[in-house]
Amino acid sequence: MSLTPDPAPDLVPAGLARAIAELPLVDHHVHGATHRDLSRRAFEELITESDRPVPEWMTSFDSQAGYAVLRHCAPILGLAPHCSPEEYLARRARLGAAEVNRRLLAASGIAHFLVETGYRGEEVLGPSGMAEASGVPADEVVRLETVAEQVAADGCPAEAFAGRFEEALWERSRTARGLKTVAAYRCGLDLDPARPAAGEVAEAAGRWFAAGGRLADPVLARHLIWAGLDRGLPLQFHIGFGDPDVDLRRADPLLLRGLIELAEPTGVPLLLLHCYPYQRHAGFLAHAYPHVFFDVGLGVTFSGARAAALVAESLEVAPFAKILFSSDAWGPAELHHLGAELWRRATARVLGGFVAEGEWSPGQALRVAAMIGSGNARRVYGLPPLDPRGHGQTTHD
Amino acid sequence: MSLTPDPAPDLVPAGLARAIAELPLVDHHVHGATHRDLSRRAFEELITESDRPVPEWMTSFDSQAGYAVLRHCAPILGLAPHCSPEEYLARRARLGAAEVNRRLLAASGIAHFLVETGYRGEEVLGPSGMAEASGVPADEVVRLETVAEQVAADGCPAEAFAGRFEEALWERSRTARGLKTVAAYRCGLDLDPARPAAGEVAEAAGRWFAAGGRLADPVLARHLIWAGLDRGLPLQFHIGFGDPDVDLRRADPLLLRGLIELAEPTGVPLLLLHCYPYQRHAGFLAHAYPHVFFDVGLGVTFSGARAAALVAESLEVAPFAKILFSSDAWGPAELHHLGAELWRRATARVLGGFVAEGEWSPGQALRVAAMIGSGNARRVYGLPPLDPRGHGQTTHD
Amino acid sequence: MSLTPDPAPDLVPAGLARAIAELPLVDHHVHGATHRDLSRRAFEELITESDRPVPEWMTSFDSQAGYAVLRHCAPILGLAPHCSPEEYLARRARLGAAEVNRRLLAASGIAHFLVETGYRGEEVLGPSGMAEASGVPADEVVRLETVAEQVAADGCPAEAFAGRFEEALWERSRTARGLKTVAAYRCGLDLDPARPAAGEVAEAAGRWFAAGGRLADPVLARHLIWAGLDRGLPLQFHIGFGDPDVDLRRADPLLLRGLIELAEPTGVPLLLLHCYPYQRHAGFLAHAYPHVFFDVGLGVTFSGARAAALVAESLEVAPFAKILFSSDAWGPAELHHLGAELWRRATARVLGGFVAEGEWSPGQALRVAAMIGSGNARRVYGLPPLDPRGHGQTTHD
């Protein structure tokens, strides 16, 4: 048994694979890398979306994400591909978190990060830390629920909540590129799409303040979304795959149809994140509605050698101007690198397959890769074109 | 980067690809081609299912359907594959709609059209126009909702609606080959499957006549379906993918289970159309119930280079006698040609793959292609065998 | 048109294909083989999950399962691959059921059967019959609903049902390796996940005894599941694909989320069976929850040449320690053989593809095949390691 050349020789024209490998990417939804060194246990718990302890009869390395770390990150740390978990972790510890981050972020070829700061943001690098570690620009995406929870934590009468939240949102998002909602986690997407009345919001806020805990009331979730639409920045929705906190049935993007139609007159771009295993549903919505966009990030990372299947399913009915790239990485910079590297390999395989089968021209394949990899995000978020001094032009294989 | 031979050389035995390319097809669900010349805007709006204006920052040509037009229709109009949209549209305008239709319909190799006339039928060719433009037979499929709306437009007391509809249906369908319902669009498939009582129908008709608009009441939708079952012609259901008018969640064929079981004693064939992305659900129903059939038309056209994935998923648990071919084209004859051409290529790739992998014999592959391409439709709709004088024997590549 | 070598030459390293072909398997969910000779009609009705008569205008042989019988079972009976149904059935009749079973079970390479005895168990071989026919160990899996129906048949006051069921379950499962519930068939998985109160159970039992028929009350289904969790053996759930008795919408494993979370503290392994077309949903649950496992049996058999697609989709987000092999065969030993043979071929193709594309090492591929083929089941069910005297070491191609 020996490895054949990589990627599969007949299906991906070499020029196309190389061009896609060198595309500077915009990662339109990502979190910070961790600046801490990680024990084996901590590392294993961070390369899965499960929040349960890893049972002693298994290891997280026996997964697509685990094998992808050993295949694609090992060489960036100076090891052979497919090394053992022990070799990998020993090498990682020897290099230290800062050097590991520097290498993996550079190798990712990501030229612009949009960093969502609302999930355990204090444990990982913020936008400026990411810019420093990577040498490329990093802007912020603000999570609506985190802003609301800060308003509540600061103390606020229930009837003042709506106004205080609005003020805080505008203040917090002054320089942000986008907003994000995790309503899918908190109450499911099967919510009434209409903007709630002021009285309802005050009442729901009162219930929430009395009960404590995180924001999970659907009336409040709707209020946040509508305040986000008022703010007018592109609005990201968590969809589908995530940690066990999500009820996957209630995270189907088709549940958003009513909201999508009500929001259409605002002109605000709605960005459906991740979407696994509902990428075809998201593609239909992106086909039907001009203001709907989506990506298959996170699922790409966690499906590893199967990432091409997800990318391929995202390229069915959606117009190519409606698909974006994201890694949704949080914590180990391996996830940032894999988000990019697996997307590049999957995209080269899928688009290269279309070319090899005589369906697309090589020029069309390259055009679509560039649209998804960065062009669409630059247009939707109003990002400046690539810095000509070479940011994002780092070499990566 | 250069194109490799087409289709991918090692996976499709050449004889099989050729045989499938030459199969005369029965298109069991299609609409008329347009006889009008089309502006760029009009053309772009007709190669998407979205009814929204195409945003100025994108073009419909940047989609699977768009690239498929440039790949597979350009040569029929005398252009190189993968030409630019501008070249394509200029050439199309120079030839004129009649010549474009003649070429594309002939190249499709469709030998018999079953034309559904109920959707903006006055804007496109009817069955006789299609027969004339294509040189092959074209029969009619009657849309139940359109007949009911004509009864309403003609003026009718609410309590007479049921009877008048029945009369009109029998009259309109005298020479029809099948009936069609768009209940999925109008009220969703999650309707009570039982035949409604006469009093309920009269009451619902009264509500509808008072409110005006199109037929969308689930009681009336059920009445139409049951009257259609009484009529006894094969009954087609819109399922899944379509324009933004459809709530895709409520267009899942599994929602029809109750109706399928109640309708089973009638012996009327039920034909689930399109089905994307629910082709596996449709395949299960076709496996379980002798009177259920389905196709993956429309999705094949709009997924272009990915059509093989849909065809492959339709070939899992369904018996091969239960799968049909359709294009569901409406308007530009490009969609008629692509429905056929992409189905042929996808089918050759999928069945050829089964042969190349040693799972099927070439004879089995050819047998199944012929069943799906025409044999099953000829049996279900009682169509005569292929006209031996050569209809449908037109050359197509 | 000629067959290329098998399997597809460039994508599966030969050593890996051979190693997977020789893996001794644990079939963790299977039923008995029939010891009766079968008429053509009987055979055709047993190679489909439909319980309807096969219409006279089609044959069950025109299906993935049918073509797989002619491809993979014919050589075991001494015929050429892709023979005709008539040749196959004539040869089968000449050999007789006992010899057919002996050959096909040996060729399957299954080294340990866990036989679910609750479905028409009197018509097929039991665990000891299976052990005798195959020469390898066979243990029992007890179906909860069948035990409850026996308690009812034996006569029992409604208020005593809960206690009598518990007693019967412990008695019936003394030597069993696992339990199984078909709640998906009987009342759907959208049931209240909580353990029902004693009074509710007695009341539901009273209703059931008065009405007669099989157990279908959701309160009773919940009682059986919770009694099964008390018993503590691994608990199997029918999920997804099956006969027309199943409402596929209500057999989605995501519906089990509430029960999965309530059952988590018991530590009892929950095994989601079959799962087609919901294998990605099952993979998410196996990713999120340490006690959730799944397989893609049955769907593999009935999708034949497409089995690799199902296996591939099962290998996305689930940790590899959470995936098992089963055939779910019942009746013709062809289904036992195909369950194993198609799984081997699909697994070799999918994992071999990962290796050929440079994503996995050959060692990783072999490790994962062995985990899914037998290692995970041996750990979950506490089975002894492979009998060193050679059981399960039979040759199979």
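Chains: A, B and C, in written order; residue numbering restarts at 1 for each.
To be clear about the criterion, a contact is a pair of C-beta atoms (placed from the backbone, for glycine too) under 8 Å apart; a residue touches a chain by one contact, two chains touch by 3 or more.
On a predicted model such as this, the values are computed, not experimentally measured, just so you know.
Engineer: Count the residue numbers both subunit B and subunit C use at their shared interface, divide by all numbers used there, and answer same if that is over half, different if under half.
Structural biologist: Comparing the two copies, subunit B and subunit C contact each other through largely different residue numbers, since under half are shared.
Engineer: Write the angle of the rotation needed to overlay subunit A on subunit C, where the fit uses Cα atoms and the result is rounded to the nearest 5°.
Structural biologist: 120
Engineer: Between subunit B and subunit C, what's the gap in Å when you average each chain's C-alpha atoms?
Structural biologist: Chain centres of subunit B and subunit C, defined by C-alpha means, are spaced 37 Å apart.
Engineer: Pull out every residue in subunit A that's touching 2 or more other chains.
Structural biologist: 10
Engineer: Give the list of subunit C residues in touch with subunit A in this complex.
Structural biologist: So the residues of subunit C in touch with subunit A come to 10-11, 13-16, 252, 254-255, 257, 280-281, 284, 287-290, 312-313, 315-322, 354-364, 367-368, 371, 379.
Engineer: Given the complex with subunit A, which residues does subunit B contribute to the contact?
Structural biologist: Within the complex, subunit B touches subunit A at residues 1-8, 10, 48-50, 52-55, 57-58, 60, 62-64, 67-68, 71, 81-82, 241, 243-244, 247-249, 276-277, 299, 302-306, 309-310, 349.
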